[in-house]
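So, here come the structures, one by one.
Each of the two complexes below includes subunit A, the first together with subunit B, the second together with subunit C.
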Partner chain A sequence: MSGAAHPDAMAPPQPGRTRTAPPRKPSSWPAHPRMRVYTLFGLTGVVYFAMGFVLLYVFWQLGKGDAAWMSVMASMTSPFFIAFHVLSLISVVFVGVRFFRLFPKSQPAKIGPAKPPPQPVILAMLYAVWIGLTGLFVAILAGGLF
Partner chain B sequence: MSDATKKFVITRFDPDRDEGPRTQEYEIPVQSDWKVLDAINFIKDEIDGSLSHRWSCRMAVCGSCGMMVNGEPKLTCKTALSTYGDTVTIEPLANFPTIRDLVVEMDGFMDKFKSVKPFIIVAKERAVEEGTHRQSPEELQDFKQFSMCINCMLCYSACPVVANEPEFLGPAAIALGHRYNMDSRDDGADERNEIFRGEGTVFSCSYANECSEVCPKNVDPAAAVNQAKFNAVVDWATGLILPRGGEE
Partner chain C sequence: MKHLLLRLEPLIWLLFGQGILIGTIFLTGWLLVVGIALPLGWVGFEPGQALDYQRSYALSSTVIGRLILLALIALPMWKGAHHLRHLSIDHGGADRDAAVALSLYGLAALGSIAAIVAVVRL
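The block that comes next holds the complex of A and B.
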């Protein structure tokens, strides 16, 4: 097995009379496709963290006037920021798809007397809302609505 | 009739002689219809009687024969040997202390199980003449899936949170508590939701979903844990907003 698990993982509150070998983590974790997906899911947090700083910087520059704002907008066309935004988009889509896949089964069996719709219907509703909102924002940003 | 041979790399640990776990290799003739457990039993019966492992029913009901097979938690009586190559690695369940060879310490697991009050709690005992507790098939359907758990502990071996947070209640125990919370005959949801809102319980789960991926009975403990999160929050909010904490 790979690394050591926490020494007290699944240990009984009172040690028994027999000496035991300490718990180990599964060796499949670093290499297993499922664990790679889970690790990538966690790593997207770094992208969102960086995106937060970019947004703060953009808002900061917005407060400094037109020239600063135009300078920021110009910098966004650099290959670095284009690559960063592509990475952010991939991260959002990846987390969204993973979240949508797991969300339906997390719903309670019922809320009061009401039961949630079947899982495929919930999944379809999530994608419909996501696609609808994306279309709305694209229309706003393209100047089609305002 | 023997079809081929396979090499088995098995973790051995004798608390009286070994400093720590070591591996031992066995090359044995195997048959195409064998499960992994058949091979381990062959080694125990024909080659090395000192090898220790747990097993009982051989039909995925008792939950005794859980082990790591090529690094993944598997119920060895249900896992076809033919799905593996020439070398098969067998280890004790990950995340558990090992007592001997492939036998793990279960007391910590049992303590976590007991802590969720895994029994029906009734607010008021009914007299016999009041009749039996009736439950419709629809009510049974709300929790039936979670009652299929055989306590094989594979989900604890697969869970990345269990490996790092020893106080984490874990998938099977939470699924069991949730199973009773969903039972129409039970009145103990408030008590269990209070446990679920405590440290190291449902909110420690990061939804890796590994427990459900490895469950040999398709119980889906990850669904139970995350439904329990929702119910624990609703229970807390209800107690906050409604007069007398929502008690009738």
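The block that comes next holds the complex of A and C.
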């Protein structure tokens, strides 16, 4: 496998004269509907980042013992955490739906001699895995299993 | 810095992709139970209830439990870091990319190390 390309490999050896103005984004670009949805998709990164650190705190407390765990679980019922978790759930579902819709389109036309299943089948499989594993996870956490 | 980021690009994209896929799948269940069912009183954390300390500790301290916890904690951080870096490039340009990338990936790396410590000490 070849090594990583030089980051400036495509740059001209020296800056040349140009008669055209440098490229500029149109001022309406951030307000375009597609761009707004894309920006929202990117902003879910804030929620995922925060969610990772909240979970780190929760399971750090689990390692500290019974009292710390009871305290952190009690704090999960505060209005702040309820609002944060509702926002997180909306973000997670938004990311899941958008990513799973994109995933079948990104598959190669052929993998060796085999063709991947039709896009609707891949999408249905992804949803089945998501719903199935979520159901299993909920059943375990809520005490229905184990 | 640009060279290092290019070298790490495949690893970062892997963590980002898994952050979306595995993070989303596991987070949905966690949020439904701890974020929704717990405040509504459908599950509890008092002794003998589903989320009590003994049961939570027993589930989390198995090998599979620790691996799932590590994925649940660390992968969303990488999804967040990578997405925010690209949002910064799209809206603010690439001039500050090296500093933004270093800050975000550095935070995600520190969080991942802390996550490893958290699951090992269970």
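Note that the second predicted complex is superposed on the first by the 126 of 146 C-alpha atoms of A that agree within 3 Å, B and C clash if a C-alpha of one lies under 4 Å from a C-alpha of the other, contacts with A are read in each partner's own complex, and residues count from 1 in each chain.
The definition used in the following text is that contacts are C-beta pairs under 8 Å (C-beta built on N, C-alpha and C of every residue); 3 or more make two chains touch, one makes a residue touch a chain.
What you are looking at is a predicted structure, and each value in this text was computed from that prediction instead of being measured.
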Which of subunit B and subunit C A:Gly63 touches, first, second, both or neither: second
Which superposed partner A:Leu40 touches (first subunit B, second subunit C, both, neither): neither
Partner chain(s) touched by A:Pro13 [first = subunit B, second = subunit C, both, neither]: first
Which of subunit B and subunit C A:Met125 touches, first, second, both or neither: neither
Chain touching more of subunit A, residue-wise (subunit B, subunit C): C
Partner chain in contact with A:Leu145 - subunit B first, subunit C second, else both or neither: neither
Residues of subunit A at both interfaces, subunit B in one complex, subunit C in the other: 5-7, 38
Subunit B-facing residues of subunit A, complex: 1, 5-14, 16, 18-29, 32, 34-35, 38, 102, 105-111
Residues of subunit B defined as touching subunit A within the complex: 13, 15, 20-21, 68, 70-73, 91, 94-100, 104-105, 107-109, 111, 142-143, 156-158, 160, 162-166, 170, 182, 207-210, 213, 220, 222-223, 226-227, 229-231, 234
Of all residues in subunit C, those that touch subunit A in their complex: 2-3, 6-7, 9, 19-21, 23-39, 42-43, 45, 49-51, 53, 55-57, 59-60, 69, 72-77, 79-84, 86-87, 90-91, 107-108, 111, 114-115, 118-119, 121-122
Residues on subunit A engaged by subunit C in the complex (per definition of touch): 4-7, 30, 38-39, 41-53, 55-56, 59-60, 62-63, 65-66, 69-70, 73-74, 76-77, 81-82, 84-86, 88-89, 92-93, 95-96, 99, 129-130, 133-138, 140-143, 146
